[in-house]
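Below is a structure I'd like to ask you about.
Naming follows writing order (A, B, C, D and E), and every chain is counted from residue 1.
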Amino acid sequence: MKNFFDNFYARINNGKNPYYVTFGLLILGAVLVYISPRSLLAFMILMLCPMAIYFLNMETKIKVLIGILLAVVIIPVLGIRNIFYLEVIFQISVFAALALGLNIVVGMAGLLDLGYVAFYAVGAYLWAIFGSKQLSLLYSVPGAAAASAEFSLDPRWFWLFLFLGLALAALTGILLGLPVLRLRGDYLAIVTLGFGEVIRVLALNLDKPINLTNGPQGITPIQRPPLPPSYIMDVFRNILEPIVGHEVTDAQFYNVFFYFIALIVIMVAIVVARRLEDSRIGRAWTAIREDETAAIAMGIPLVQMKLYAFAAGASFAGIMGVIYGANRTFVSPESFSFLQSIGVLTMVILGGLGSIPGVIIGAAVVVFLNIQVLQTFSLFLSSLRQSDAVIPIINFAWRDLSNQLDPAKYQKLVFGLILVIMMIYRPAGLIPAERRQRELTHEEDE
Amino acid sequence: MAKKILEVNDIHSYYGHIHALKGISLYVEEGEIVSLIGSNGAGKSTTLRTISGLMHPRSGSINLGGTDITHMEPHIIVSNGVGHVPEGRGIFPKLSVRENLDMGAYTINDTPKNSERIEQVFTLFPRLKERVDQYGGTLSGGEQQMLAIGRSLMLNPRILMLDEPSMGLAPVLVELIFDIIKKLNKDGTTILLVEQNAQMALSIAHRGYVLQTGNIVLTDTADKLKKNEMVQKSYLGIE
Amino acid sequence: MKTFTSNPFYKFIIFPVGQMLAFILGAGTLLSVIIILLAYIFRGSVTNLDLVERTITILPKVLIDGITIGFVYATIALGYTMVYGVLEFINFSHSEIFMVGGVVGVELLRYFDAQGSLATMNEYVVIGMAIVLGMVIAGGLAVTVERIAYKPLRGAPRLVPLISAIGMSFILQDAVRLILGLTTGEFNVILPQFGTFDEFQILTIPGIANAVQIQNKTILLIAVTVMMLVGLNFLVNGTKIGKAIRAVAQDRPTASLMGINVNLIISLTFLIGGALGGAAGVLFALKVTRLDPFVGFFPGLKAFTAAVLGGIGNLTGALLGGLVLGLLESFGASYLGIFTEGAFGAEYKDILAFAILIIILIFRPSGLLGQTVGQKA
Amino acid sequence: MFKRLNVVIALLIVASLALAACAPAAPKTIKIATQSPLSGGQSLLGVDIKRGAELALEQLGGPLTEMGFTVELAPYDDQATPDVGVANAKNIVADSAILCGVGHLNSGVMIPSSEEYHTAGLAFVSPANTNPVVTTRGYAEVNRIVGRDDVQAPVAEAYARNELGASSVYIIHDKTAYGQGVAEFFRAAADENGLEVQAFEGTEETANFDAIITPLLASNPDVVFFSGIYNQAGVFFKQARDAGYEGTFMGTDGMDASDLAALAGDALTKGGGMVYTSVAGPAAAYPKAAKFASDFEAKFGSAPQPFSAQAYDSMGVCLSAIKNAAEAAGGEVPTREAVRDAIRALSYDGMTGSIAFDSIGDLPTAKYFIIKVNATSAETWGSNEIVAELDFASPGMGE
Amino acid sequence: MALLKTTNVVKRFGGLTAVNKINLVFEKGQIASIIGPNGAGKTTFFNTLTGIYTPEEGEIEFDGRSLIGLRPDQVATRGIARTFQNIRLFGSMTVIENILVGMHIRLKQTGMDILFRRKFFFEEEAEAEERAKELMSFVGLRNVGNELARNLPYGGQRRIEIARALAANPSLILLDEPTAGMNPNETADAIKLFRSIRDDKGITVLLIEHDMRVIMNISERISVMDYGEKIAEGTPAEIRSDQRVIEAYLGREAAAATQA
């Protein structure tokens, strides 16, 4: 099996083949998605293209060029034809940023954090409270919002709140870390778990004595940053409408808009994570993960470095929280449950603990499975059950398939199976972490 | 010719991808002390671990007094009479000295016989008797080594394998431990000894094997090995 | 004296039960005194009722509630702690094992109910059967899960089995849902009503408290959990198997060199932990009267917290942690609303529990009794 | 090995092609989506929303089929989380064959998801979301066939005061948008009318209610108002009764399930008994509802959960509106906008009463029932009686 | 001049006194050793010096300043580096990264330098890499910079540990049984290395050792510990002939053997 893949990889990675493969995927994928915008297969083929860019040997210039072409032109255009794809990629970006942040904490510094979405919640609620009418409703009963209330801030404050969300989440990370970072691994895990729950319970309950979070009702509407001025939008509209074949509304533009915001943030997140990893701080984190006693004996201040890790990890979640709140125009405590934390942790470990490309793939796979593959599969089965199709050999009519066996009901089961099987057969993750290899030619000259 | 108690035939063992044993063959005869010497990483401990089943060889066979034990699980091999005192002694730190000794006789459900054996161990190591209710972890290094050996003797093993019994011990204790090993052998215990301290090892062994990077490079009687130039240079520190 | 203390009856029954009692009395008294003091201090700020009087009126019930749920937590926590002690691994799917135990037990009762024989049988025998069945199935399931999802991962980095356990947890939830719902699609598991479990016993402690009412099922729950805890204590500290478990916990390769079948012992650990969880599940069902495939999560989380609070890996610690958590939760939930006149209420009990956990861990970074299973419990 | 692998890969490709192929549907295919939690803890209700709609499609889809359309159900699982709900919403919106939708269970999922429906002009009919915000945003696409929290609660409050003669109440809710919403309105009404609110507690606990019951017993209120879903409430009622509470329990339409009686047993009839408000009467009130219940049980093997009947009616509304729009479009597949407008123009005789929508998608007048529970087991659920039947106008957009 | 001076240092664990009133003085530029049976408290003493344990009593002065109450990382910053009895490398980091971790306290790059990849960052990294390479060849390793530390053979790991300790530019290096598990050839190389640490780098060396050949060969001063106490101190010749040392530690045979 492994051999097969190795051979396969070697064959397509040979000579000019990578270029053919990548361009082929790009064009084939784009055309297929364009022709049948709801086909899962078509979208998967297109999504193989970024994988090809990452895995195959090509000139960096070409890689960047294809990447930009894909991210800036092809995906937005196809995404407007079917905004669901933009949603998929948006969610992948959001969760990839979360996974990158958690990877700093768990993968690099080795601190098991089971309450990571708390920081995400902090960012989301920050913008939710300031970017909605909530501030003028502080003394009203949750759920009885007066429609006449005013927004407290101009939506353009969003851009500033991106950074405030980042800072507040980092600060929260430090405040949590200060008392607990002296704890041993599993104790830290349970405390962070508790902290995650505390934040969720606070979001759920801070509708009294003053109504800060609007409790379980959640906060809505939350403002979005304004789109570029209409004369610019009209230019895009004129270009896009003939291509996508229908009218393009502002709402659809918002999908593209948030796609770009998420894309930029994820790019920055990747760069930041890479730079941190490959520096004095990143090395200190890894050293702490490997052996705390040895690390401290080398002069690494444990608590300070762990706080850095917490703060850095949290800040990724904080900024994505702000974006998420604005994108959804709604936040409620349900989005920040313990299972979400587990979900992000799963992405990190599934992708490859400590591996930056790995956790991004991990996030992509989990999101893709969760909101697209499994849903599509169950829709497919559901439509089979409504049709007259019959399994040929055993002569079994799909119509007779028990209602209780509807796969849509068992997404968690499938997901669980995938987790277990992955862990047994590929415990280091999809793309295991690798250490940076340095050019050490000088040494050989000696 | 004495009976071969243990026969190891061309075993290959791996740690993941690392080829640790590259075809080790050796035998131990009844009543012998056989010593494996070699530097760290040569595969001495791996050989013992493979014999006692803690790891399994990819190829080759191990035969214990006529039984093929190559693919047996360690607890079965132990009950077949292989006593293994692991590197670092493997004392259960939070069990008392007596409980540690009880563990040695885990496979034997014969209480009177076990009590008798404990008394024998105490005769051999009076220090242990003084500390019978202390936790294993509170013993000094030498006492722990005694406990580890004593614990393996609870089984009345057909062959006792000792992994680096002198490691980390004061010279005065090394002498003591080696005296005990000699005495055990005199009382009839067959011993396979892995030792860094080639000097000491060869001074009590009948025969020896020299290991280098997973291969046996030399084997002979202990006396001849002591006089071998390569052994002298590499392992005895005689220039 | 020495002969008496080494008497197994003392060592394995009187001593641990006494320890438990002493702890409950101590913690209960301490918390009661604190809450009454607080009531005196804040009596002026609460206007709608006499705070002190109200505090004292509900105090006995609050204590009993706390101890009851504390024992449930403790029993589940033992499963976490046993496995952690031996494998240093958080068995995330234990909350589902607990759920399965409960569901199986209740299903047995429902079966008897459907047969019509439930009303005519001795209620304690029936519940005993349900507990035993729950233990057997849950224990067996725990072992199976270990064989399938954890054993192949031994030696892998520690987060790997954790994720596998999370996966198992999802699988078990949905599998149970599938099985329960195969004919109807419903998955509420409702305890049939039978016997006299809901009736009250009146306890009067002359001079100390008014009549305190305790439900039969509360007494049953406490009695059974105490019995199981004593049994476990004996098993781990008084038997050869127990010694082997401790040996495996301390040094796995060496344990195998002693002739201990390490895999067997690990399976046994899962079996014991799972069986305890299963029994706790049945008792929990008896108390709460309804289960579903997702019911394990919160008690599991709390029990896990309790295990850490007590010092994960330590059996006595799990017990203490469970009781502390149960009592704190009960006090927090019952009194917060009264003290703050409704500004904060029972919904903050989890925050309170976790806050206390954090505080305790800051001062005792490895829990109340941070040791391993190897430590004599 | 290699050969087998190739076969596997080939199979995978064929399977995915099949998936891909099924996506673009035949031109005359109309799909109606449902969104509700089909997995996880809330799936009990969510699955039955889907099933209610499925049954309706089967029974009421005839007229459309006769017009030559193929009508399909597209069930989506929102997992009761906004993230998944919104993602599905975008997926639904992108499927041009989907002309109408039924869902959601949770207002917390409905509110963000309906932003998507709104932008796409896709009409949704909600069988369960009683939170006022769902409609007070004034979207033309969002409709609901249930009453609103801000009406239901005052009805219950008035009943507690006037008919039960209560002077004190203990309010407990389930910390969901639904439960808390109703509870808040109940409290507001109680405060206004001088009914003493002894406590206002939210709890996510589903099993062990000791910590709430103990102070409750000490306060001994005349009425306990539980705002939530029956599988939490039933356990609570039973535990509270067992612990010695003698007053009256009240509940909301989330209690409308026979399993409430299975859970709580005689706790519902002992002491002060139990009453609940509902937007749909029990089977006895509507001959159609009785038929629905028996059809449902025949098809799925279990009694319908709360909101299942409403899902049936929601689907009915969708089908009927699509039919009207299609007729207006001359037998062609209508546009979403046409369906949307047709829903608002519709006057539909549903199982739970006659249904028409006002300008924001609420029922102009909704029926509210107060039902007294006489059942002590699931089988006798039909013996409950309606003690009051009230018509209330929708409060509209609010102030 | 005294580089390190301990006065009446006491460290207890529960009822056990692991280090009892130890008074020691180490001169700058010395190679000194501590010997004693297992459990005598040598490693505990090291841990007390480096701040892993805080002594209950006594004073530790390094370079004229007290070390009491400092965390291990602060002690390291003062200029004390160490190795461990059981090798404690960062196994899944490469060899060169291990050495770079050792340089942690000497690197000046700030978060801003790292995030914005300022010129200073590259300069410092290049310089650090250069020094790491030098250190690798100093301890006698070549072409292993990109290997994972755990994949190195035992002897190599010992050397890397020393290189990592040297990377911090310490003025004192504590070596805990650095030749354990080495054969006589390797031991001889190690002795040369220790000498050169002192001679070429001017770093004071303090060893814990069991191998009498190493101790007697290299030490300028030997302190003997037993049961937490210092029982003897002196030059190798003095120690060899000290009756208490022979009884508690060396044994007659070994004493005789090292005489040669």
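As a working rule, contacts are C-beta pairs under 8 Å (C-beta built on N, C-alpha and C of every residue); 3 or more make two chains touch, one makes a residue touch a chain.
Here the structure is a predicted model, which means the values were calculated and not measured.
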Inset, instruction - Give me the chains shared as neighbours by subunit C and subunit D. - result: A
Legend entry - Partner chains that subunit B and subunit D have in common: C
Inset, instruction - Please state whether A-E or B-E has more C-beta contact pairs across its interface. - result: A-E
Inset, instruction - Just give me the whole-number Å value for how far the CA centre of subunit A lies from that of subunit B. - result: 54
Legend entry - Geometric centre distance via CA averages, subunit E-subunit D, whole Å: 72
Legend entry - CA centroid of subunit B to CA centroid of subunit C, Å: 45
Inset, instruction - Find the geometric centre of each of subunit A and subunit C from their Cα atoms only, then give the gap between the two centres in Å, rounded to an integer. - result: 37
Inset, instruction - Name the residues of subunit D that each touch 2 or more other chains. - result: 39-40, 43, 47, 51, 175, 202, 204, 300
Inset, instruction - Would you please write down the residue numbers of subunit C that are in contact with two or more other chains? - result: 174, 177, 183, 185, 347
Inset, instruction - Using the contact rule from the top, write out all pairs of chains that touch. - result: A-C, A-D, A-E, B-C, B-E, C-D
Legend entry - Touching residues on subunit D, where the partner in the complex is subunit A: 1-2, 5, 16-24, 38-40, 43, 47, 51, 72-77, 79-84, 86-88, 90-91, 93-95, 106-109, 111-112, 115, 119-120, 131-133, 136-137, 149-150, 175-177, 179-181, 184-185, 187-188, 202, 204, 299-300, 397-399
Legend entry - Touching residues (chain side subunit B, partner subunit E) in the complex: 18, 38-41, 138, 140-142, 167-175, 196, 198, 233-237
Inset, instruction - Sort out for me which residues of subunit D touch subunit C in the complex. - result: 39-41, 43-44, 47-48, 51, 175, 199-208, 210-212, 214-215, 217-218, 231, 234-235, 238-239, 242-244, 259, 262-263, 265-266, 300-302
Inset, instruction - Would you tell me which residues of subunit A are touching subunit D in their complex? - result: 1, 4, 36-42, 44, 82-84, 86-88, 91, 141-148, 204-205, 207, 215-218, 220-221, 249, 251-252, 255, 328-330, 332, 334-335, 337, 370-372, 375-380, 382-383, 386, 403, 406, 408-412
Inset, instruction - Would you tell me which residues of subunit C are touching subunit A in their complex? - result: 84, 90, 148-149, 152-153, 156-164, 166-171, 173-175, 177-178, 181-183, 185, 301, 304-305, 308, 312, 343-344, 347-348, 350-351, 353-355, 357-358, 361-362, 365-367
